[in-house]
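In what comes next, chain A is part of two complexes: it sits with chain B in the first one and with chain C in the second one.
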Partner chain A sequence: MSGMRQHARAARLLTDFDSSVNMVRALGRFLRGRDHRAMSAGPASPLLAGALAALPHTARRDLFEAMGFLQAVPLDRVSRLDGDELAHWATRQYRGERYPAVVLGAASGAAVHLAAALRAPFLPQTLLVGARDTATDPDDPVGAMRAVAPTARRIAQRNPELAVYHMHDPAQDRPMLQNLAYLRLKRLRLGRIHERFLEQRLAPGAPIILLDCTRTWRTREVGERAYFQFGCLGGLPEEEYHHSGERVAEYLRQQGSPWRHWDPPEPDARRPEAEWGFDPALESDVAWFAERFGHPVHRITVAEPQDLSPVVADLYRWWYRRRGLPGDRLLAESYVQFDPMWALRLGAVPFWLRFNMEPAYEALRDYLHATERFRDIHVNLFSQGLWSPGVVPVDRWRALAAEQAAGAGEVLGVDEDAYPLDAGSSLRYTPAFRSLPPRHSLPPPLSIEDIDEFRAQTSTMHAVDWS
Partner chain B sequence: MTGWGRPEFTASAGTRVHAAVLGPADAPDLVCVHGWGCSHRYFGPLARRLSGRFRVVAVDLPGFGSTLGPAEPLDVRGLSTALGDWMRATGRGGAALVGNSAGCQVIADLAVHSPELLGPVVLSGPSVDRRARSYPRQFGRILVDMRWERVGLTRLLVRDYLRCGPRRLRATARFLLADPVERKLGHIRTPAVVVRGSRDTIVPRAWTRECTALLPQGYSAEIPGAGHILNYSAPAELARITCSLLDRTGSEDR
Partner chain C sequence: MEPSPAGYFDGMRIKDRVVVVTGASSGIGRAAALALAGHDCALVLTARREGALQQVAEECTARGGQAIVVPADVTDADAVQQVARQALDRFGRIDVWINAAAVTVFGPFQDTPLQDFRRVVDVNLMGYVHGCRAALAVLREQGRGVLINVSSIVGVIAQPYTPAYGTTKFAIRALSTSLRQELWLDGARGVKVCTVLPATIDTPLFQQAANYTGREVRAMPPVYTPERVAHTIVSLVRRPRREVVVGPMGRSLVLQSKFTPGFVEKLMAFQVHRRHLSRKHPAPAGSGNLHEPAAGTGSARGGWHGGRRTALRRTATAAMLLGAAVASASRRQR
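Coming up: the complex of A and B.
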């Protein structure tokens, strides 16, 4: 009983739309034979999705803000949080007896499919906790930093295994920022909960796949192991957050902000990017554990989180073809709207888009240009509740899919009138994937040797370093 | 009445660790690590037999016996970290270790992260048999085993269990049952002997054989007619086996 209460408490601390939380939930459910409908946070319903998307603009915007409010955790609770609770939450999503591999480290939607292929759980380095903060203005980064720094310091002080990143991005997270402050907690030590999980549940000799993303961002230290990051990976380049120009002024005008530019605190160093970057401090513990318990460590290094998508897509295509399936359907998923179960059941090649912004669009375009043509291309898009600078409109996504597909290219599961304020988006993507034709049974898992074989056979150059 | 000497209290492992001590101050230390829910108390008979030659130190792990534990019961790593902390704090790194039952799991886990603290090791009745990691099996086996234990043990254990409390007992049992001790035994690189009582139902012979095979410098011994709690019910024989291990290694000259 106390275990369940503890579990519910930890789940309440976390944020349902966080990338790592969704990776863990999606894989936990996949490994139990289930899909990732509605971000594994409730039932999926196209009907309800339609009703939400049909609401007037302001109501939908309010809905996104309300979501932020509901996800936020009171400050006193946040400052008492214990990193072990969060680790415990993650390991409890996996109920299997013995896993043939484990993926550990930086967040990436492509890694969800990699782990699913191996039937491996994913243990995140970074988790998001949303602290309730209604007082600060999204466009006043200095004020936000000052208001939240004591909490960030407190968490860091109480949890020597964690680094705390207060991430503040008024471009992409604007509706959420009305009510909550983003605290991203990065694990610097493996910690006893993860160690126990690996000891008990990782098959003898099973590989540990360490996912390293070297992306950094300029940050400012606000205390020991506590940092403030202004902006994050998305539609705006890092430079534009720090020296905002005409585009940001125009955006702020549209949003009805009294500000015309951002004035973030002076950064003092580049550190691992709060959401996607990997802090190598964790590595020595992983190496130690692997050495003591006889597990080989494979390390995958990418410069950008998006870089893993092409290689995982190619791996899936290769795998389908080895099984005698055509592998000619591409399913582009965005942010946390992935579904490892349906990708496999449809025989679809998953291509993960980090978000719905220009860089993601370019990544998909470049991949489609470079690779063998797909017959069908389906693109699903996440909605973040506003026209952030850099959001790519639906018709451009559709044009890309149509132009690159040998057969049909389309945008799937998106209410085009409501996007990117499509409040029903997360309730719709799994039913949309499910509506596509073929059905295959789940294949036996790939082994790490299979992946080596794929790497030996593929001639494509991937921006990924395996070692 | 307790038969122990002056108790020892050490600030370590985030608490005040109690250890019962018996034997001359200048003799080499021999550290006893108790099993599930127990304490130093059931090591009394063994300590009396060894105290001529050793300074026997039976430690109470946090949450057991006279050592206060944290509110959240410790898992195996928590217990072994506490044991390691205490050994460092008392300068007992490298001392000979005698574990009974779950105490063996704690020693094996200590070997994973702090192998330098281990001296020669006696694993008496090492738990938990890989083939019987479930509550019904373990409790059934414990009940059957009580037949072969000396009178007085039950009373002593019940007192220890009450002291530790049902919540900690249950949580600790869960951690012990899930602990893959077979993956850790290989880290005990010092000379080690695995001892079982021939009538021990909790630790069958096949399991001690498997454990012995995993030890780089391990051998096994069996005490005819004895059950699981050898330190209480067959102390003379266990003392003999312990001495012969230490004679082999000459660790007294440390």
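Coming up: the complex of A and C.
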């Protein structure tokens, strides 16, 4: 099979709104001097974004569901999935000759900016494949688990290097769940594709930065290396997914569901969280490779994916100031609407929000309270297609930005009337970033020694373990 | 029934014949029983579900036939012999024996539990063996009668994900052929063995199947009605033939497989992968009705709209033929 065809087939398997897919795409394009407009899935267009956001509420909701259908892979194809195709797709995003470092492991939008500063590619441990499923009731987790378990088992059986997590979250993923089952594939072995890439494309002695997120979740084993996870990191605490109360009942009523509570399968263990958690099984291969080829391994350990954001924000501020730039503009990006190119071109300090929910709001608030005031604060928000529990309204985000900014604080790139059903959101964020002044040329990359220097100055400030 | 001269048997009037039907609670067996009841036959109905059989018996009676119910699992040879004995006790003879009991399991070969594979072989093959032994003992003794085994076109062209079912359907054809040969060698010209090879039929088989594919099983189009198979079975009682395929698509595939077997094999694999198993409805793993009968009183049809689809196909074909005729006529006029 030709490389192009193989690449297209793998890209079709992946999901455009996945965190890891967007990290890879954003960095691949950044390293080629491009931005991450429209999640690197097409052209950005504020005009089209406006037209989509102006559609009636039900049409926008239908649009989100239709996107889920289009992103989903038919069951006959997904059951024959080959993990190497996905690894091949990821490595093909990076076309440079030799890279000075590589970031590898758990997903994090903050890590995109860390990798961009180092001019390093990111190789994800976890990738999302959406299996087409138009039959399962989003509020029947046991039914969903049973229906999808044979497919999850088959993928795991065909791919001994992968663990398969069927993640089912009727709170924040509801529109997508109408047509799609989330299968998150976690790489347990480095594998021949990644090994070859690192061997050929990593500069001699270049560091491997292993990103470890220790976040776990209650899960149920459905087969060898196949698991079911009900709920995920979002607006609801984990406990509420498993013992849902009045808030969930009210949410289900609003959504027109016949259910008033969720009755998930009994979990049998805590395992790495399907989307963000890091499975340490990958470590031994990384250590073996690093030792064999003489690459130092730097490990960054965070308890929550959001924990890396303050570190990277402070790193960028420190870096800008070292370059003589003010570093007084904060750009808060949410979920996959990040853009490493425009953060650097604007001289903006990137603060990644995991989503648009209460925990992300609190993380930004806490950071702004703890750090030196920014002159300008811009907040962009991802839209997931419904008012799921915990979504923070635009007004509160704007108020936070305005209160904390020494100059102007604003929400940008968001159609406030349509949010969080802003169907044009992904087409609008890069043009919105681009509309901000000023412009700077891209700086030379940071080295790992620069980061060590930054760490030496700030090591006690962050909830992150570097080793 | 009158044997033709020299002991040859060319078929029979259907009225008042004594017919044993296995798998009579649903699908093809049920449709065959009802069709024969419409010809005033005396029916001996057997399957696992007594409640479903009772309902079929009532429907048979309403159509003018007589029916007795003898619940049995065809995998039990003694139970099948008992069915034959009860038929003889009640009606004094057996004119026709129809083996139609069938179950199936969908799943990649390696993922299909061995006990499920074995169960399909037990029901679909050993069940027929038991039926043939019970039937032929009587038919040979009588010197006349018709034994009809329901196989499938997958007994000619195998399909993926149902190796157990396909194996049994091939075996049924071999069993029928072998029995025909023995009867011929023995000079038992009055006893006929026929095999029916239906294409996709609108029966509950697909919903009730054991399934380990992870995908919902659909009836692969084109879908024909079970009444169409029943009609063929009735015609075989009147005029026995060795093998009869039901459904034009089935006939076309069987014919094509003689000339381009490799192509047809791949075509069948592709069609099953893409159209027999849903691409958007996942399905939990389960053993279906293999080890326990399905709940309810059963039905001949499975809700796959075989009748409606057949009507649509016929209308479309008629419209095409009419269009071609009109075009041809207008060209000649010019």
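Basically, the second predicted complex is superposed on the first by the 464 of 467 C-alpha atoms of A that agree within 3 Å, B and C clash if a C-alpha of one lies under 4 Å from a C-alpha of the other, contacts with A are read in each partner's own complex, and residues count from 1 in each chain.
We adopt the following convention: a residue touches a chain if its C-beta (ideal position, glycine included) is under 8 Å from a C-beta of that chain, and two chains touch if they have at least 3 such contacts.
The structure displayed is predicted, hence computed values, not measured ones.
Within the superposed three-chain model, A:E199 lies in touch with chain B and out of touch with chain C [touch as defined at top]. By the touch criterion defined above, A:L183 reaches neither chain B nor chain C. Of the two partner chains placed around the shared chain by superposition, chain B is the only one that A:R292 touches, whereas chain C remains out of contact. When the two structures are aligned on the shared chain, A:A131 is found in touch with chain C, with no touch to chain B. When both complexes are overlaid on chain A, the residue A:D76 reaches chain C alone and has no touch with chain B. Once the two complexes are overlaid on the shared chain, A:T151 sits against chain C while remaining clear of chain B. In the superposed model, more residues of chain A are touched by C than by the other of chain B and chain C. Note for the complex: chain B touches chain A at residues 75-78, 112-113, 178-180, 183-184, 187.
Interface residues of chain C facing chain A in the complex, by the touch rule stated above, are 108, 111, 212-216, 273-274, 277-285. Every residue of chain A that touches chain B in the complex is listed here, in rising order: 192, 195-196, 199-200, 204, 292-293.
Per the touch definition, chain A reaches chain C in the complex via residues 72, 74-76, 79, 131-136, 143, 146-151, 153-154, 179, 181.
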